[in-house]
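Two complexes come next, and they have one chain in common, subunit A, joined by subunit B in the first and subunit C in the second.
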Partner chain A sequence: MTPEPAGIVVVGASLAGLRGAEALRRGGYDGPLTLVGAEPHRPYDRPPLSKHVLAGALEADATRLPELTSLRARWRLGSAAVALDRAARTVRLADGSVLAYDKLLVATGAQARPWPAETGGDLAGIHTLRGRDDARTLRTALVAGPRHVLIVGAGLIGCEAASCLRDLGLPVTLADPHPAPLANSFGTFVGGVIAGCLRDAGAVFRPGTQVKAFEGDAAGRVVRARLADGSALEADLVIAALGAVRATGWLRRADLMADPGGLTCDAACRARAADGTACPDIYAAGDVARWPIPLYEGRLVCVEHWGNAVEQASHAARNMLAGPGDQRPYTHLPAFWSSQFGINIKLVGLTAGADSVAVVQGSRASRRFLAVYGQAGRSIAALSFDQARWLPAYAGAILAGAAFPPILDATDQPRIERADPGFSPSRASASAPRPVEVFHA
Partner chain B sequence: MKSVGRAGALRVVVDLNRCQGYAQCCYVAPDDFALRGHEILFYDPAPAAARRGTIERAVQACPVRAISLQAAPDDGEAP
Partner chain C sequence: MPDEVLPDEALFTAVMNPASRADPYPLYARLRERPVARQHDGSYVVSTHAAIRALLFDPRLSSEDLPPFKRPPTGNPIRDWILNPIRSRIATAHRPLIFRDPPDHDSLRAAVMREFTIPRVQGLRPRIAREVDALLDACRGRGRVCLVEDLSYPLPVSVICELLGVPESDEPRFQSWATQLATALEPDARHDVETRRRTVAAFDAISDYMRGLIREKRRRPVGDMLSGLATLRPNGLKPMSDFDLIATAILLLVAGHETTVNLITNAMLALLRHPKELERLRADPERAPRLIEEVLRYEPPVHFRTRKALGAITLAGETIPKGAPIILLFAAANRDPARFDDPDRFDPDRPDIEHFGFGGGLHYCVGAPLARIEAEIALVALSRRLVAPRLMQDPPPYRPGASLRGPEQLAIGIDGIA
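Moving on, here comes the complex of A and B:
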């Protein structure tokens, strides 16, 4: 098969791919530009899917992203990249076509972690929520009026979905192995606030609960979850909110540092070959990229946040157009938002490894507060529950590596109290060498 | 607020990391932007094309420039 003409190929047509392509054009790139997307849709925004789309306030197809620059691109949508040949500089697509590239931007993102088929994952009525089509399917199933909804996993998606479903008046149980919701993101000290929200909203939160398998009826529809303690939970609709796996399967034979945890990059967003050398013609950005974050001692992280997709893609594009002697390191302060139970939640920084937390404004009881996380006497992250306007000041403290707590007293409290953030032991030892950390939005 | 969602609609996205809840968009374009609770911004990502002038005023009114609106028609051989 004759390869098509070369140029820059962007694999992944979601937020990072789109903003990366725009940055290439804004940066003066005038050559051939191709965007490859596994889904048949032009780039769309995902955060509303688990909020307003589930709630029925927005149609699933309403969130197409604005395209902010004239891209003059060729769109190859609906046919995923399935293989990369670095020597030949080609990408093969699922439809068999082959695209040649001079430079490649990998922005394939991540996929919802599915429930394993051998423990019931194939049963009808088990949903994941990642893409527009997932949201549409789930919304249709919710409108049909399920009798018992079980959400497995009390991370951000699980909690946002629980909040929406309670707004819809549906019976919801949220099961998670941790003692509190959002325990991985925020620790149990703050997660307990969300446990209170769930309770007040009429959802059943089941902490310390391990779902082992799903069981179905004769028609192959899920009817219950079997728990680790042998008991069962009735469920005719399940949302498996188990986090994501990075979409690197198509790189399996490309001899890159790629696995389900991500594609490892150097400081300049260049993909690393299996021998550790940086590929001068392959860059990565967004959820799929595993990169050394300067703000946190250069440890390798995947930051699955909207803001990182935008910023890292722009940075990678800038480096793609710059010479080998002008490769700038990517510096970024992670940040994300969530809305659930009527609360606007925003975080800046990474909480992993925090040994302390302090409420510097407001209170957990009022569900309006600003909390700062500390590690070894340094402020590493700040979290706002409905106090977003104060957050930039604390972002500055985190960027500056300010002492923890960053303030010693406040107008509403004489002395800032420190507390144990309540991360699980494996999480608390984040400073120990580990292959990768992933932060979900 | 009920979005059009399909062909002909405008395309809007708000950087909610950047948004500080100043709510200027809600004053300028109350049919397209609204605050829920204390500071959750809910907006229509696909307003009808006739609303372009109003949305453009909301983009200008945002003190932190968090709102993006697609200015030109799509290009490329798009589906």
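Moving on, here comes the complex of A and C:
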């Protein structure tokens, strides 16, 4: 008599978890399927949280992701996985229950990097923005009409939030240690355009600003930020937009290559054990996965983008159902969008390691342009500000390993000048394998 | 079949030959064998769905005859004036947006799109219905309808007059200009000296007329589109100059005229050739939209548009050199078996109907919603009011144009008008 199969367990019931589970069913998997989620919510979409939800155009609860009706899954929501036993093939949940699996998909994503408690992180009025509940709480606080909002971190989420808050007419200061907003994602050459948008929108951007601590009143409410130079900034509401840490804590004792930078996988999305071998029964996808990207010399990256979560989850699911001899490598050209200050921003490729940038269509002055990033004479990424229609052509050029700059003789092409993209030194040298935070707040 | 001995490089010449007008599709099938096919004259015909899709979003494609002047402004206007070849200024400054490239195309188009609102287009329905009924009423007591002159041809012009805000009393003048200008978008018609002279004269006349009308709308703006465009006080949008306004108004007339004529006529032809479909439409007017989409795929009013390669483009194993003319053969892509099942079958119920009937990319037809409404109202009325309609001549005679391809006339025998 064959024992009852344990089936497939998906840990992390958000975008990657849901799309992975759906791909398993679409791929013909008919056995038991369990989705484990730390949050009590059915899978929902995060991108609107820092856009429409903050702006008040969409309720936080209206972000639920559409689900395939024939998923036939057991849902274990509101109960985080706390430990993995690879030898026994079990996952232990916070409520003490133990789930057996034949195959496991790790899709635990990432969490907002919190402000440390020692330097004021526990004060009331300090927010992070990752989940639906964060967005609801923050929205409520915004509606109450704060007098000084301070956003720490001018990454994508920080800038999107600043844009929304200005639309709401709230006074906003955005502080970042870099010389320009979005410096990690795009470099200062392009970040300067967003600095102009912030200025025009009436937000105060404070470059080169290192917040050291937050100070509160007697009631434990934040009242000001203390800066590295000793000066202070008034703030009764703070959004700490400091980027994300991958949710790998529950894998701590599983003897995998996992750390706050991600869970390392092989090219087929299989998790790597600490000794480097690929686990045949554990796969990972989405923000949590750190994987070798073929287009960029197999460098290990964590791609924190919506599109990657969807595609990688489907790919992992496909490989989970395929035999050991039919494990296909995941080849994906990273891409994401952001909307802020009325501009639709889209990036394809990875900017990390770029040594040059050039505007190939439009102009920075008009805030409608296409910029291409180059590394050692090759085109590695293309960024659009309201010019997304051309991106597929540039994506094609990047995939084809085109020289930098690609596609000369385009419409609306200025004289092409190569510029320094203006990345901080640590990002400019992205040759050694290391995690790269792409959707970095 | 003579075209089987045709060399690949001569296929497009054969397409242009009026003898191919009634059924160019076998030539298109041969062209599709090479998605990007060089022709004798150095132009490149692009005919598969995938290749056209790839090119429509290629930034090296230009709709301007001349490449735009590339040198950035020096900040000194006099110096710029000397540096810029004057011909490039004149040639590019006052073209309508269908012949412009970004960024000018985009700002002009944004202005038009702002005015092409859904309520405004939907608001034309009663006028269209009234016009269609009046045109059909005029056919009472006759044993046949000549669809083109009786309905397809006059309808779009009066709709555009209403849209723009041309007084009804001036409509007859507009009809005659429209007839002359209809040739303006037809690439092969421009070479005829006499046609050209008359077209220029019509352009001058309509420009003068529009200039006066614009002045009037600026003084007393009302709810029409021209008032909107003429008084645009946009945030971020440059106000339109008189030149651009005139060019835009004429474009709306020209681009929305023969195209719509062809859509109505081609649709009726297809229905008469597939009487079951005509019957189903009569019984269920809700079928009109899907029927119209299938006509836009199967017998599109616009068969191709031309572009120019600003730089070398490699596609489907062929390199189009810098400066080469490119022909986007939409009608061939619409019958690409790699994209559509059984593409030569007229089937309004096909689930997947992503056609290029309205083009695609940044020049995608701005008038598409209006064209759909006009065709819908006309076809539903025709299906209900023509008693026992039958095709008198199949194939019908075609106008010579290969791009704006459509019947010269479509004689339909009837037992009466209901």
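Odds and ends about this structure:
Here, the second predicted complex is superposed on the first by the 417 of 441 C-alpha atoms of A that agree within 3 Å, B and C clash if a C-alpha of one lies under 4 Å from a C-alpha of the other, contacts with A are read in each partner's own complex, and residues count from 1 in each chain.
Rule of thumb we're sticking to: contacts are C-beta pairs under 8 Å (C-beta built on N, C-alpha and C of every residue); 3 or more make two chains touch, one makes a residue touch a chain.
Being a predicted model, the structure only gives us computed values, none of them experimental.
Once the two complexes are overlaid on the shared chain, A:306 sits against subunit B while remaining clear of subunit C.
Contacts of A:115 after superposition: neither subunit B nor subunit C is touched.
Residue contacts after overlaying the shared chain place A:423 against neither subunit B nor subunit C.
By the touch criterion stated above, A:411 is placed in contact with subunit C alone, subunit B being left untouched.
Of the two partner chains placed by superposition, only subunit B is touched by A:67; subunit C is not. Residue contacts after overlaying the shared chain place A:389 against subunit B and subunit C alike.
Once the two complexes are overlaid on the shared chain, A:362 sits against subunit C while remaining clear of subunit B. Judged by the touch definition given at the top, the superposed model places A:101 against neither subunit B nor subunit C.
Put simply, subunit A uses residues 368, 389, 392 to touch subunit B in one complex and subunit C in the other.
Only residues 360-362, 366, 368, 370, 389-390, 392-393, 396, 407-415 of subunit A touch subunit C when the two sit together in their complex. Subunit A makes touch with subunit B in their complex at residues 40, 42, 45, 47-48, 52, 57-59, 61-68, 70-75, 77-78, 306-307, 310, 335-337, 339, 342-344, 346, 368, 386, 388-389, 392.
On the side of subunit C, the complex with subunit A involves touching residues 54, 57-62, 67-68, 70-72, 101-103, 106, 310-312, 322, 361-362. Considering their complex, residues 1, 3-6, 9, 11-13, 15-17, 19-21, 36-40, 42, 44-46, 68-72, 74-79 of subunit B touch subunit A.
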